[in-house]
């Protein structure tokens, strides 16, 4: 199975959350990033994500390919949502499927750290007092 | 949110696979156990899971509660399927949601190891030559 | 002696030839004696018994002495393989 | 000098007041000189520039000298915050 990656407008729904199921791969480890209603001790009412889209598409696909270092037969799904989202909505979906649980867990954790380090996506958070700010680094 | 745990007949479907989304918890780490088409270098055509049900229900709920050691606000979903399943079907669903990714990942990995060590569930695998055997330990 | 329900699962059930039965057992006994009594009742079980744990009334009993009562439920727990 | 499209994102866009513009830049320059030229064009950007990486034609350029061509696309990449 091929990796599936992309950036799409809006929060991620059931379609993007569905994991890659393959009879050869017995373990699927996953991560969902959910918009949180608090940050730095303050209430958050919404987030807005923007990206450098052509570069982000390439970087996300490359990170997914690189995760094969954990298992050559690894299959990755990686979706990032863009635009405005409210707490409880899903901004990131990662799945890594492997024949064994060890590489699946290691890969999904690595994918998340790489995405947080390399994917050209930025979020602006709006606090419950109406103020907002760009988050740089995470 | 309360933990949700249980053992149900048949492979796990979309209902059990749906993660607990809560605006306070920004990270959901998950694991799906998928019936694999091979084991020990041999083709597998189906698995049959049985359990000691009243004890298994209690043990699974207790393991989910114990996972709060990683985060007092952790929310766990844990479902195990029972009966006959074919490769590609889902036998186990675990979700752990937390405000932060570290406890969510640590918890779901720990949940899986505890379940594999303590949950009174046994699987019988049928190979592609028609022979079958109980798997004891994993 | 007390009357106990004994439950067998997975390979232990196949070897015992029964899923549940009633056995008379001492009210206090250790794992060595329990294994000896189960092996006497079901000789084909003997090889598997050292790998089994035991649950009384749905709780694993630690190694050492265990207490049984009339109506206790004793389950053989062979190495589990869920997941 | 070559004519380059410069892209600004997130806080750098807010501070530059523009998402994309055309700038004339040397065909070969290092990060120090690039930051100086961008700060001259947009003084409010100065504080953020040391935290930014740069991408040329959608690839991050390593520290040191970089080469630009007419029509190259240079993007400022402030610290990312996806996830």
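Labels A, B, C and D are assigned to the chains in the order they are written; within every chain, residues are numbered from 1.
Rule of thumb we're sticking to: a residue touches a chain if its C-beta (ideal position, glycine included) is under 8 Å from a C-beta of that chain, and two chains touch if they have at least 3 such contacts.
Quick caveat: nothing in here was measured; it's all calculated off a predicted structure.
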Query = Among the chains, which has its CA centre at the largest distance from chain B's?
reply = D
Ask   = So, what's the distance in Å between the C-alpha centres of chain D and chain A?
value = 26
Ask   = At what distance in angstrom does the C-alpha mean of chain D lie from that of chain C?
value = 73
Query = Cα centroid separation between chain A and chain C, in whole Å?
reply = 49
Key: Residues within chain A bordering two or more other chains   = 33, 112
Remark   = Contacting chain pairs, sorted by label, are A-B, A-D, B-C
Note = The answer for chain D against chain A in the complex is residues 7, 9-11, 14, 51, 55, 58-59, 75, 77-83
Request  = Can you check the complex and tell me which residues of chain A touch chain B?
outcome  = 14, 17, 19, 21-38, 87-88, 90, 97, 99, 101, 104-105, 108-109, 112
Inquiry  = Residue numbers of chain B touching chain C in their complex, please.
reply    = 33, 49-52, 54-55, 58, 80, 91-92, 112, 115-124, 134-138
